[in-house]
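This is the structure, below, for whatever I ask next.
Every chain is named by a letter (A, B, C and D) in the order it is written, and numbering of its residues begins at 1.
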Amino acid sequence: MQINFLGKNLHTPLVLASGVLGNNKAILERVWENGCGLPTMKSIGPAPREGHKNPTVIDLGNGLINAVGLPSPGYLNMEEEWQELSDRVFPITASIYGGSVEEFVQVAAFVSAKGPDFIELNISCPNSDQHGMVFGVNAQSSHDVVAAVKKVIHVPLIAKLTPAAPDIATIAKACEDAGADAICAINTAGPGMVIDIESRSPVLAFKKGGLSGPMIKPIAVRCVYDIFRSVSIPIIGLGGISTGKDAIEIIMAGATLVGIGTAVRYRGITVFDKVNKEISDWLAVHDTSMEEIRGAAHREAL
Amino acid sequence: MQINFLGKNLHTPLVLASGVLGNNKAILERVWENGCGLPTMKSIGPAPREGHKNPTVIDLGNGLINAVGLPSPGYLNMEEEWQELSDRVFPITASIYGGSVEEFVQVAAFVSAKGPDFIELNISCPNSDQHGMVFGVNAQSSHDVVAAVKKVIHVPLIAKLTPAAPDIATIAKACEDAGADAICAINTAGPGMVIDIESRSPVLAFKKGGLSGPMIKPIAVRCVYDIFRSVSIPIIGLGGISTGKDAIEIIMAGATLVGIGTAVRYRGITVFDKVNKEISDWLAVHDTSMEEIRGAAHREAL
Amino acid sequence: MITQLMPAMVKVADKDVHSPEFATLYVNQHIDFKPGQFVMVWIPGVDEKPYTISHHSPERFGITVEAKGLFSRKAVSLGPGDKIGIRGPFGNGFNMGIGHKRVAVVAGGCGMAPLAPLVETFQTDKGPEVFLIQGARSKSFLLYPDRFAAKAEICTDDGSKGYKGFVTDILVQKIKDLSAISTPAFDMVYACGPEIMMAKVFDICEVHSIPCQVSLERYMRCGFGVCGACVCGHAVVCKDGPVFGSKMLRTMADFNTRALLKTGQPVPLNEYATWRCQ
Amino acid sequence: MITQLMPAMVKVADKDVHSPEFATLYVNQHIDFKPGQFVMVWIPGVDEKPYTISHHSPERFGITVEAKGLFSRKAVSLGPGDKIGIRGPFGNGFNMGIGHKRVAVVAGGCGMAPLAPLVETFQTDKGPEVFLIQGARSKSFLLYPDRFAAKAEICTDDGSKGYKGFVTDILVQKIKDLSAISTPAFDMVYACGPEIMMAKVFDICEVHSIPCQVSLERYMRCGFGVCGACVCGHAVVCKDGPVFGSKMLRTMADFNTRALLKTGQPVPLNEYATWRCQ
């Protein structure tokens, strides 16, 4: 199941979604050993941030709602992690966020020098009032931030988009035009809210939170389908992918790599090995390949 | 459980969501007899429209995906229905849609004369390329269509909003400012897509469809919560409401009436009686009232 | 696994060609089933339509399709190895009652499809005596001529086989004959065919105080009682039906009078048929 | 019903005040349970934190809270009738083994909370002989003094009760004594308390080739292995733990060295403690 992605050889087509399991070497390595081709680090911000008070992550049964609130040591306080990661044997994507184009550029330039294999711009996180999402719902601002960051980094750039954009295909195109090397879709959907009726209070301390997991899969598939029609750069498809069949579905919508986040909750860290096996079994039974089925849902039926 | 809504007495606070069970008198009457305080008719358009080819509605287990495609006899071809409805003993809301402000006005003026109790503007349907949604994602266009329609109708106006709006609270405020008497939220979420991987083809003939039912409830609750903070007109809250507890939750977010659509699939037409009973049992056990709990999630916890 | 959720793509395992117009497609899959229930059949890129389960055993089922329009012609042209999407079963199915001694089953044309498994069930389970009346336009339109243990009363519009005339004529005659021996003549009359035929059966049964059940047909979208496409009076055909008993039929405003077009517009039944012929 | 999903608001049914710092809150609800598992406790408007289930019967459970910071002080101030939100249980719990003859249980301070139900289970189920060593700052911090059938070896930092000194001194001594009679001295050593204490226990056990299990504490958010807040080396404390055995501890980079702050930054354990004191 080896796959070449923007010039790097990955041992599997599966990506660990940003914000899941954090950014320490030992755990990212474990994920990689368990069949993840490309672990993504938790988004790194311009300054130290503790994130929101608990509850921050609640399991709704068919998906999660979370408002972790972009906790980050801040890009200047991660020497220890970079040090440890410097002799890693696996590829990583560093995810970053900022509150302005300047902040994005500052963080990106610094992080790029630390040698991640890819940099992902989180222009799509709904869990903070000041950060991220504002860029991802507008084509012009998405273009601006991608173009500015592209100038200061030396590794391929992935733009991570939000399904809250009124027209995600337009945003993706703007990112491609600005120099993005790949698109990652989608970040959490909604936002949503759950209220505990006994205490009459929203359960999340931040009140609202992003939705992930099985309940957002149809939204993720639609987004990847739309983006595939508007750009020619590769797409990392994620959002509710839990099984090999889910992965095949989003590949048929147009994804090159497939991300997994919430499914770690439902199937454990070994979800990567399981999904890889399910994908290759399915491909074998159907006598086909990843390349052949990519974007297949765009061809005329029968 | 009687409740006064914009001057009308309803025998229960439950609304039948538009597009569910159609717009013929006999079936609307049955729904009303089964505990629905206010049946909403299927959205009426400016011209006859057959809607999309099948599959148009698929059950995903925890909600539906649909792209029925706004079928309508067209407002000029409904004499028979209006005739029958003229001697009804129950209240109704007529839902309408159009492709331009002029069409909305044309349909609204005509329909208003037929004597529905309320008119709902569907400025939020995602299942057609030309109709509806375009208004609901923009505050200015929402304001324009509401203001124009308000001038030509003689019954209270309800604006039905889409969760696809980047900021639904702003849209709601624009509608209130333009003269809307109530807000209905939400229409279907997404849109989403499901692909059958065996035939490699999107299952819906229209490919994309709106999501409804339990999986969108957190989005609906969040929207009603946001709208409640920005307007002072009453809100019809719907989206995934299936039980009395769901209804209590959306009332605590700020809803005055509670709509039910997809739950008809999961609990039958008697879902209305069931939910009414569940609501009043809960209120009794907690020694409280609908009025007291409305918007309760906005008060400080404990 | 076939469920009411996403269509399951399954292979057509076998095909019986009954006549140029009729074919039965078999699928080697288990499906829950009660006679009278239907499935939604999806041909990707074409359309999705409801079809009665006309053949059923624990590991196999079949649907019988009459080539009429675009979709059904495509369905009839499929053969072993072709794939179709199936979701279901939907609908209530026939109420087979308890302790029935004698029932009549009245089938018109393709209406034999839902009734056939009913007849089979009755004939195996030490069920009631079944009086089967089968009608069609002409001989070649008679479905399953050799399927049942008991022989059927046949009638054709053109007299090419059996009695020349309507199934209802035979039903009336038989009720008269039997009334001499026992009352009621039948414990239940089951009917499926053109709606006008079913309306006549209902009227006849009402006159003779015999309960009846008929299986209705309407344009369908969801198949599970939400979209409203199939509404007939106060009844939701896909969910409350497609089988309705005498009590329901008595108050069902649109029975034998109106049906909804795809637009949702209610029109007289003959206009509905014209639209279906486009 | 209490599940791992949305917190269930439940009433505090009873409260035991052990000392000004410690209280146990009881809830009259069933919860699935294995000794060592924990629940997330939510006080609306305040925060949500993990607490070990320290008392358990089929229709009731309890948590013992030490008043340290904002949240735990609030929790300790609650009483019968007050409501708290509970989700869980989470974590793996202790592996109680099969056929153990003699085990040691080493508790430091509040570390007694997860170990107490383990001791009880061992003492009822014709389990192994339990050698219990309990330590605390001073006498008033000793949890559950009269809870167990067998008596415990007590030690306090200030000598206000029992031996003046560390639990680990007693463990070493006991292993020596027992080694004269049988090898290994214990089939398993279970420990919970300050991480430095657990690290010492682990070292002692390694030297004497005795397997051990310790229960770790880290800042937590989700409680079910997704958010990464509680990661310790390659282990996810809330999901793979909180209980870890010798094999895992041998390769767990951050054990007794680093923990993550709320920001996600890894810091030396003492710095983590300082942050927790803010």
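Quick note on the criterion: a residue touches a chain if its C-beta (ideal position, glycine included) is under 8 Å from a C-beta of that chain, and two chains touch if they have at least 3 such contacts.
Which chain is which protein? Per UniProt: A, B = Dihydroorotate dehydrogenase; C, D = Dihydroorotate dehydrogenase electron transfer subunit.
Because the structure is a prediction, the values reported are computed rather than measured.
Shared contact partners of chain B (Dihydroorotate dehydrogenase) and chain D, listed by label, are A. For chain A (Dihydroorotate dehydrogenase), the chain whose average C-alpha position is most distant is C.
Centre-to-centre separation between chain A (Dihydroorotate dehydrogenase) and chain D, using Cα means, comes to 36 Å.
In whole angstrom, the spacing between the mean C-alpha positions of chain C and chain D is 67.
If each chain is reduced to the centroid of its CA atoms, chain A (Dihydroorotate dehydrogenase) and chain C end up 51 Å from each other.
Among the residues of chain C, those in touch with two or more other chains are 44-45. For chain B (Dihydroorotate dehydrogenase), the set of residues that touch two or more other chains comprises 60, 194, 199, 201, 301-302.
Every residue of chain B (Dihydroorotate dehydrogenase) that touches chain A (Dihydroorotate dehydrogenase) in the complex is listed here, in rising order: 60, 62-63, 65, 137, 164, 166, 189-195, 197, 199-202, 207-208, 211, 215, 217-219, 221-222, 225, 245, 248-249, 252-253, 282, 293, 296-297, 299, 301-302.
Taken in their complex, chain A (Dihydroorotate dehydrogenase) has these residues touching chain D: 19-24, 26-27, 29-30, 42, 48-51, 53-61, 64, 66, 68, 71-74, 77-78, 80-81, 194, 196, 198-199, 201, 203, 205, 261-262, 264-265, 268-269. On chain D, the positions that touch chain A (Dihydroorotate dehydrogenase) within their shared complex are 4-7, 9, 40, 42, 44-45, 47-49, 83, 85, 87, 221-229, 231, 233-236, 239, 253-254, 260-266.
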